[in-house]
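Look for subunit A in each of the two complexes below; its partner is subunit B in the first and subunit C in the second.
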Partner chain A sequence: MFEARLQQGGLLKKILEAVRELVSDGLWDCDGSAITLQGMDSSHVALVEMYLRAEAFDHYRCDRNVSLGMNHAHLSKILKCANNDDIITLKAADQDPDTCSLILESKGGEKTSDFVVNLVRIDADQLGIPETEYSAHIKMSAGEFQRICRDLSQFGDAVQISCSKQEVKFSSTGETGAANITLSHSATVDKEEESVTVDLKEPVDLTFALRFLNLFSKASPISEMVTLSLSQDAPLVVEYKIGDSGHIRYFLAPKIQEDE
Partner chain B sequence: MGIHNLAKLIADHAPNAMKEHEMKSYFGRKIAIDASMCIYQFLIAVRSDGAQLANEDGEVTSHLVGLFYRTIRMIDNGIKPVYVFDGKPPELKSGELVKRKERREEAEKELEKAKEAGDTEGVQKFERRLVRATPQHNEDCKSLLKLMGVPYVEAPGEAEAQCVALVNGGKVFAVGTEDMDALTFGTNVMLRHLTASEAKKLPVQEYSFNRVLEGLELTHDQFIDLCILMGCDYCGTIRGIGPKRAIELIQKHKTIEAVLENIDQKKYPPPEEWLFKEARELFKNPDVTPADEIELKWNDPDEEGVVEFMCKKFGFNEERIRNGCQKLKKGRKGATQGRLDNFFKVIPSNNNNKRKADDMKGKKSKKVKKGK
Partner chain C sequence: MKRKQLSSSTDEDSAAGSSSLPGSGEICSAHSFQDDFEVSSIRSNLLGWYDENKRDLPWRKCSHNDVNRRLYEVWVSEIMCQQTQVGTVINYYNKWIKKWPTVERLAKASVDQVIEAWAGLGYYSRGRRLLEGSQVVMNDLDGKIPHSSAELMKRIPGVGRYTACAIASISCKEPVGVVDGNVIRVLSRMRCIGADTSQPATMEYLWSLANNLVDHERPGDFNQSVMELGATVCTPKNPACSTCPVSGYCMAYKKVEREKKLSEERLSGKTPDENENVKDIEDTASCSMCLPSSEPWDKAQGVMNFPRKAKKKPPREQKNGVCLVQKMTNDGHIKYLMVQRPEKGLLASMWEFPSVEISPDCTETKRREEEEQYLNLLGVKVQKINQRSSLGDIVHIFSHIRQTYEIDLVVALEDDITESEPETDQNMKWVTSKEMEDMGISTAMKKVFGAIDGSTTNKNKRRKQDEKNQPKLDRFFKRKTPSKT
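And then the complex of A and B:
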């Protein structure tokens, strides 16, 4: 059977918030060492990959690999019933389960709620993501990134990210005018969350749809810092670490200037 | 007209092969459209009060209305269409064409009768049967496409076959047609209902050839034989063998030759001088221009040209046509959104998943039984 107990139930809430608007139904693959989830938005422009190691749980048992097809809207309703410090346990049978149970226990142990989720059949393509060397890595505060995406959305629906030397520029152009935000490399600041690290092998200049970046930044509560990885004419990677025990990675296809 | 009952057979035996998507999820895709099929479709479907649309001089304009608006709808959704026109029909098709001609003549007679009897419903019914895309219609459409900046290809033979060559040569993503032949020719991906009316709100049906073969447990060659048995445009079929028998026979005996050896030919007489080998050859090696000799180029629309053509020549409302042109221009403007599946490859579903799918099927049917 599969059983996983999470002391800080809030983490599961945050993870779900970070994926549910992008992927309405997701296949949660559980094996002996981790839970993984991969899903694409319906237009196949963006992909989210969540990886949570067994160590994140205080109890984790998975005798046989199981895939749980979750309806995220439904799961979200259940998790809304949970407090951030509730203990959440996931349970499912071994062989092609039809349902998955969720048990919420309050911290003091005085209240227990349990729920059954009917699993859905998911017939989605899984994509193989090749190991890639990226030309540029930008590490910055997750909150700052969220802010930039939100601010620029007021001016246009796409952001041009250009990275050169020790700075990165986010620009957006729309009918009302243009907006530019530049961040400079500043690793020397005392607090890590205020620093910006730009690690550049080659300059890059790419354009992305802000709508998706705004969805990605819903993962900001999970991690203080976010890393953007870019290469010319390749998808952008936006990565949030889940403590020491996993990550959420988003991939976004760039906008392409075609000269046909 | 395609392969008899193939869509139903696939729905029964390979339900995984067809998925429905909204049109907008095909943005950024290049799609080859069987022009002859869709012009015919427009002539049949684009009507008001049962009569074809026409300008003041009585020239039919249904095909132009259909082509103009439905192409715009695709471009509005970010799709890049390329139209493929039929060339010379293969000789084998002459039998089918003669039959169609006979049916037309019959319909003509029936139409006369219905007119005399004052049966308006009958008149409309038989008028539709008489509809045919003429070379003039094709020429009109080509002129319009050129002005709209949409490319077209003239196939040496069958348009579907040429579309498939474009898909398998990597020039376009899919074939857009209603005729199931495209699968027989072996297209990886085939889309139906792409040029259907917006008002019908039909989702686009996407057929995956590999999944069709997987579901039917056939190779491509066996699939071609199956289609011939079910009835194609190129030769006759064995009387008394329908889709159900055809799939059973091919699954068991693999080829038409072996089927013929194993069935009671008195009970199921094959047609005299049955040209199934030739038909098979046509499906395998159709007369097409190789994909790498074809260059597809989408251009900005020539708004004044379109207005001149549509309004001056065919009497359309200028404002509406100009609005349409604006949409075409908008579709060209700005960078197009890339797709992730152009960068990452789909992992072929492993056996584990397949087992699961089978199990699911089992469960489902059990449930159905319980329900009864």
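And then the complex of A and C:
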């Protein structure tokens, strides 16, 4: 059977919030060492990959690999019933389960709720993501990134990210005018969450749809920091670490520069 | 009076055009061709270039010796090419000639057929005039198209000076020049003519230059070579002066070269020797063909200083409410109400959906009222509306009007629509979308009709554009598992 008990139930809530608007139904693959989830948005422009190691759970048992097809809207209804400090246990049968059980226990143990969610069949293709060397890595505060995306969305539909000489510029142009936000490399700051690290091999200049970046930044509560990895003419990677035991990575296809 | 003299002076084989000058004031000698030698060099250079570089166009091929047919073909091509790019014309021309290979056949066509074949080319009166012209030829001229430019201009409706000269020079080798937009550009650059080309005096002068320059052996080819040069080399923007066969005779080009040389000399510290550059055009205040002092030579523009455009008036804004009345007939068809536009004016005789001009700040309610009033005028009353919706708006640019159509859709059952005697004399009919394809409908109305499925409204257009620029991830990552479908 599959059974996983999470001491800090809030984490699962945050993970679901980070994926549910991008991917309505997701295949949660559970094996002996980790739970992974990969899914694309309906337009196939963005992809999310969540990886959560067994170590994140205080109890984890997976006798045989199972794939749980979750409807994220349904799952979200259940997790809305949970407090952040509730203990959450996931349970499913070994052989092609068609339901998954969730048990919520309050911290003091005085309240227990259990739910059964019907699983859905998902035929989505999984994409193989090649190991890539990126030309630029930018590490910055997750909150700051969220702020930039939100601010720029007021001006345009897309953001141009250009990275050169220890500097990264986010620009957006629209009917009302243009907006530019520049961040400089500042690793010397005492607090890590205020620093910006720009690690550059080659200058890059790419444009992305802000709509997706705003969805990605819903993962901000999971981690203080976010890393953007870019290469010319390749998808952007936006990565949030889940403590030491996993990550959420988003991939987004760049927009093609208009020729006309 | 003077102008009349001018056009008749063309049959003289004189090279210098300065003898007959229209307008007021003096004209510098630089604006005319200097001597016979210059003229004959320009002719041979252009003809040689044309033989090498001419574009392969259907009306340039001639597979028969029938002069009347040739006149007809050139006539059709010249009318179609007015105000329209050659690339667009080719298909229309081929279809047209296939449908009506001779003037005789065309004369028997109906206005509707002609408008339908013309649909998409714009300036629809051209098509109707062509039809009228063919009928004049058949009824009054014994089926023979006139051979001379003067007769063509006089007898054939829709044939003006340019078209007459083009047809006569190409089909019958009449040694007359032509002046169209391309020729204006080429000549005004060659002779640094900075006068406003929308002025009749300037045009008259350009005609006299063209008539002086035209080759007498091969007038048709020569005229086409100048137009072709204007279309492909001496282009409005970024002209390819380095490949131009007559740059050596181009005053504007010389001026640019001279300025280049001067600034080089200045850079290298030499004091420019003024005597070396005696022959240059300096704009003279008294000369009516030079650039005016109010708009002097702009160095950055180079040869593109010419021709000088008169300041264009911005297109007029106009707003119309359009009502797509969809009738669900008892036998299960969907039909739309269409009315024919008046015979004169914009988009004459074309079919359109009932449309009324509205004020720019018209509200939706007001617009619907006006549309309803118009329908009543047509004798159409919709007793019970099944569905009514706004389909957004569409903007279509006519050359002088920026037209916005605000589109309403009204759906009703056949039994709920009553029709009475219309109060206007406009033709109207109910048609299916299939029948619509075979009617003369303007591009603007096709766009309006496209609003029904949203394919042409602004919002969707933007989304489409957006999708075009946004590739999918599948382009970058490969599938791990083979598709299960």
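Just so it is clear, the second predicted complex is superposed on the first by the 257 of 260 C-alpha atoms of A that agree within 3 Å, B and C clash if a C-alpha of one lies under 4 Å from a C-alpha of the other, contacts with A are read in each partner's own complex, and residues count from 1 in each chain.
Please note the rule applied: contacts are C-beta pairs under 8 Å (C-beta built on N, C-alpha and C of every residue); 3 or more make two chains touch, one makes a residue touch a chain.
Given the structure is predicted, the values throughout are model-derived calculations rather than measurements.
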item	value
Subunit B versus subunit C as contact partner of A:122, first or second or both or neither	neither
Subunit B versus subunit C as contact partner of A:181, first or second or both or neither	neither
Touching partner for A:44 - first (subunit B), second (subunit C), both, neither	both
Which of subunit B and subunit C A:96 touches, first, second, both or neither	first
On subunit A, the residue positions that both subunit B and subunit C contact, one per complex	40, 43-47, 123, 125-130, 209, 234-235, 251-258
In the complex, subunit A residues that touch subunit C	40, 43-47, 123, 125-130, 157, 209, 234-235, 251-258
Interface residues, subunit B side, partner subunit A - complex	16, 19, 22, 24-25, 27, 297-298, 334-347, 349, 356-357, 359-360
Complex interface listing, subunit C residues touching subunit A	466, 468-481, 483-485
Footprint of subunit B on subunit A - complex, ascending	40, 42-47, 67, 96, 121, 123, 125-130, 158, 207, 209, 234-235, 251-258, 260
